[in-house]
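The data blocks that follow each hold one structure.
The same subunit A turns up in both complexes below, where it pairs with subunit B and then with subunit C.
And then the complex of A and B:
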């Protein structure tokens, strides 16, 4: 007779006592939740013992459970070590989920609108608890995923695992590589900073070059949502970033992994006869069961990866944020993200249709069809020297093109512009102008010059050196420089009264020294140069820092100084045979409350 | 007799030949499935076109660009540094006694070149294209010289000059400019690395 009108837990308690009934209840819940393993089975697995009952309960979750039905119940022993897989495929999968989760967190505080996107970034970085942490993880995770996915592809190539019957697995892998890179790239636009605007402008302009013109023009309009990147473009890239491309990525991750399971993990090349594929026929003594060995190993790998990421973002890496997007100024040294530097390098070679459209398309198509072209049977290293040679040549090309993508290659500008840029540049790629991180209190108003380091003629007496230097500037030069400062740069200053940098401003002194060193290093283009740092305080808690460069005018041809037979620059003289001066200057404003800090590790 | 023998031989040959796969003409049901499938494919095609049409931005007339009445005193001296007007994304330049207005966007991939006085040229910070003060291509991957906007110049003697269809600069011929109008709504693409001939307008 049941306690209640229907069979219930109370009947068990009545029959077996509470403790035993409760334990059996827990056991049953565990067995249902794991789709087949009770507490005893789990403990046996964790202790490393063989299963004590039959049928083997460790296979049940694969047969009956949703999550593990996607995973094989055992692996070949030869693929479970570090070699040949290096766990790169598993880590790539992990990053998909890692980035989805951190991305969803960031979406909570983000609106894809040019009006507020940048302010959202500032808010996430400075006001949201763990906001910067989450953003750093998302950004670093994205870059790590590009590396991991690329290494995964290299590994697959070198072990020949793309060969029959796994050609299509490789094909879907190339699609995943493209998705990864596009996701990483489209994420660049969302903070709406300078890097975002110009990187995506370049990207969209490349698409615009697609022939025929009607296609390029319209695809460009579809991407940008207007003639320029604006509110529509930001929204479109946001939707691509959080919906469209992830959807494609998830679908093809499924296809890719399904194919991996169908064909089995390919064994190390040396373990099979040439032309054979025995991955699916795993002898009993070679089986390593998913539960518990593979499962714990995989969890260990992603835990260590997460730990490394957390350590990096805590002490060594912060996702950079540049100045607010400005459609009227392209910053000097605009570069693509590092994994697209090879395209930026190629674009410098010439025709944008050839290098911006045809070249990347050929690369992608080559990767996709490569396993169908290379139909040689052997996966052994010794038989594939030709393929390896081609791969190494292509990798070298990739590295060299990436080097060509750097601003140093083909985009260097005049020495004075470079120096001003080094001194004052807004943060970009974890770098910023030398003078920006100087503490606000060390920016003591005054006029300082690099000549304070050239005191040899005055027995090291800075005061005499500066006074003598000031007296030595011809009045008409002095007037010209002042006119430039007042009218071009709108600096309300009536005289250049040089003083030595105060003793309590060591970082300002260091900045001035860097300026002097850079002038020295460019003495061929900027001979007899001196620099000045002029600090004023136009409002309370707001300081203005001007950098002024003055040098003797020399002949320049194609951006390089003309040198005579002695390697000396050729001066431009006025009608009296006197050297003429040239000058250039830039400035920045620094507020006490918006101080810059050197990036960790920079 | 002969005909019977011949027909028997023919039958033997047909029997000995490899078995043919007999494909019947489509039945009505099969045919209707094809028609149905084709219409689904066409519907999906139409849906794609609709999606593209839906997503293409639409422009009202005059959304892009406008008329600038450019202050004459800001026109640079002959062969001096060109004058930048960021709000209109253009540079006003005077070279070889002629005036032109250049679209400030690099013809390569859409970055904004800067005037570098020391090197006496416009330099693009993205891929290193270089242009003279006239907008003429000097170096780098840009496919053509800087594009131009048409201008209308009124001189103090009452005569006017208009940019020619090919975008050539307007020769001053000693005349003094009284006013200049720039139409940034119409962009004239340069023919290539060179520049069109200046005209008197």
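And then the complex of A and C:
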């Protein structure tokens, strides 16, 4: 007899035998853990059979369990297909958990301090098993979540599901969208690389423009923890990223879900009479129970989504990590994250306050109050032509503004800087300089010039063309170029002895040809231009590649060359009436083991 | 819809697809696991390689004006880093060990009883041969010896008494500079770390260190490499040996500004010569005045002097020339904020003639962008 006030497991074994007692024990534990379903119930559910006992044990977890009390116990059959929901809401929720888990993994290896944050990244990449995997998943998941949440909003708009009685559900959804975007954005800063620093500097500088000035200045100080982003700013963004914004997100996810239970999933617009909402009155023959049908469906969707993400990070996507953040070096072509490009594009329209602050605020407020403004009853597509038209116009505007946000649009950099950048840039935004991925052994030391492609006057003979070009450079210009290379660029060469690119360096030849093409394309701004690629080997396994541009100076106004009445550029002449020669040059170092590879599609 | 029928309406299909996706995910994770060590090693190699690249760029802009673009040093200015001495290569190591071996055998033959005279003679002959080749090696190194290299003491760190690694020597030198080196070089090496009020971050110093250490050729250093060195380190025994002075009488480091202006009135500055001197290794102005983070940049000097400095109350009655002359000869009388005082050498007065000073001022006047 047990000393306990109830029969012990041993008593059970004595009474029923071990096997039966153990199975019953397991059954009881399972029933408690699932808040109502025992092993037999689960087996029946997964086999797709009807429940064999009453009351239906499959409703019990919804009534007694924590997790499923947030989910309706049955759906209308019409909302369980791919259309109308596309599982986007569920996937958004899944990403919240997915990013929390991968984020916690990364948090373990991260310190929010400018002194060590970047080194932490290097450690995660080089020393933590699965470090790169987790970082890639977190980054890709974050970008995917922005897309999924946005699509979820679009779907809700097009099926009219924001209409009465679901206005407030939409409102909380807009808050979740803002949280998602801010989470994605605040995560940008944490690696403390150039991409991080400058993307966030652009974003935070818009806050500074908030009128009146006293508000803008102080909000900026609060966010950045100083006039510029530094240790305080990093810590603040970190805390917002891992604590404050997720807290808001979790709370509003709860509200959002609760509203779904209250109002049910709205049916496809065509299945209800106009102005009716029958989501909560599901006829018995239309009911699809959460257990097992919706549950297995949702698990299938997240399994497949996870597999897709894992496949992408295994072969196709790696989170970028650029050079260490440096507030002294502004990279050419800095952009905000892609989902904020529309704001960056709008900023190019003019006033910083109007387009950087007022415009996005108006957009957000419009989104929030939209269901309260649009009080038309019908959710049918045919009755909503005006709303759809407005939506498509706004979507086109969004796409166009985002395009305007790209660095290619409306930002004029001088052609020579642009070409040098294009030739030599460090990997950024999935691009890198044309000359960077050239195999190390093809970077044969020597001095090469684009004039090697201009051999028409010499019957195609490169040797003669180069020799005559070399002889044609006036000695004082030659000296000036050498002075420029030695003093500005610190390059130890004493003469420009042009040679043809060796036959066993086809990729170098291709790079030189690209340089020639770019000079040709900019002949109005860079008339009579020639370029040189100078390769030296300052150390074992380390080569230096200089790109030099030489052209006749012309008048430039607002980034465009001034043309005379014949459409010819206006040259700048020196006191002797000779054309002024301009030079520009940049260089990079390439180590044998650096492994720069051309980005896919670049 | 087909997809609806196939996937969404059949529970067994859903379970199958979900399970297969999960298994495939696990297989991929396993595959990543298998490759993880190789991936981490590859990343590390790639990161180090790119660190050397960044270090090379930092060296070119910050260090090459004193240590030479090729790292071989500048005569009278700064020692070579691309040098077998820096990395402690001992050219005599092999012959020394051979001599030690033969010596041991000779000693054994001498101690044996009875002595084998033929063997002793053989060892003596070998000894003479080895000594001759040792002497020949030292003779080949003659030019380097004349520049201060000592083949018998080939390890820089040992001679310095540095007990830690070469990496830590390079890194800590970058952090703190060489505060007293102005006693035996024309200017002190400045502290480069931000922690020591310099311009560079810790990771940039790591990059620079990686680049400098990449000069090591290990066992492949040749005597030609040694002879290429332009300047060996100076051990501060006798400062008099390294003074590089002008041939004309100098201005004098303690000359008052009024007297300097009087002296300047007799000469006309040549901006071309001034520019050459300014960029020269002897004066080393560009070593600092090229980087606004270290010193006021050369570009725009004259504009700033006219528009900003001369409007200050303490320069009432100064001309731009006077301000520049004082700034060159008595650099610590006025320090442009926020730069630290005591960094610019105050011995230019002893190193410049009036003509050179006038040239420099004339060159500065062209900096009116």
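Here is the rule we use: the second predicted complex is superposed on the first by the 537 of 602 C-alpha atoms of A that agree within 3 Å, B and C clash if a C-alpha of one lies under 4 Å from a C-alpha of the other, contacts with A are read in each partner's own complex, and residues count from 1 in each chain.
In this text, a residue touches a chain if its C-beta (ideal position, glycine included) is under 8 Å from a C-beta of that chain, and two chains touch if they have at least 3 such contacts.
Model, not experiment: these values are computed from the prediction.
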Clash or fit (per the criteria above) of subunit B with subunit C on subunit A: clash
Touching partner for A:133 - first (subunit B), second (subunit C), both, neither: second
First, second, both or neither for A:351, with subunit B first and subunit C second: first
Subunit B versus subunit C as contact partner of A:487, first or second or both or neither: second
Which of subunit B and subunit C A:105 touches, first, second, both or neither: neither
Partner chain in contact with A:417 - subunit B first, subunit C second, else both or neither: first
Which of subunit B and subunit C A:90 touches, first, second, both or neither: neither
Contacts of A:541 with subunit B and subunit C, given as first, second, both or neither: second
Which superposed partner A:198 touches (first subunit B, second subunit C, both, neither): first
Touched partner set for A:188, first subunit B, second subunit C, both or neither: neither
Clash with subunit C (superposed arrangement) - responsible stretch of subunit B out of 55-63, 73-81 or 109-117: 73-81
Where subunit A meets both subunit C and subunit B, residue numbers: 328
Complex contacts: residues of subunit C adjacent to subunit A: 1, 3-4, 7-8, 11-12, 14-15, 17-19, 21-22, 24-25, 28-29, 31-33, 36-37, 39-40, 42-50, 52-54, 56-57, 60-61, 64-65, 69-70, 82, 201-204, 211, 214-215, 217, 279, 286, 293
Contact footprint of subunit A on subunit B as seen in their complex: 52, 55-57, 59, 64, 86-87, 89, 108-114, 116-121, 123-128, 130, 138-141, 143
Residues of subunit A defined as touching subunit B within the complex: 198, 201-202, 204-206, 208-209, 218, 221-222, 224-227, 232, 236, 328-334, 344, 347-352, 355-356, 407, 409-411, 413-417, 525, 556, 558-559, 582, 584
Complex contacts: residues of subunit A adjacent to subunit C: 46, 48, 80-83, 115, 118-119, 122, 125-133, 292-293, 296-297, 299-300, 303-304, 306-307, 310-311, 314, 323-324, 326, 328, 487, 489-492, 538-542, 544, 587-595
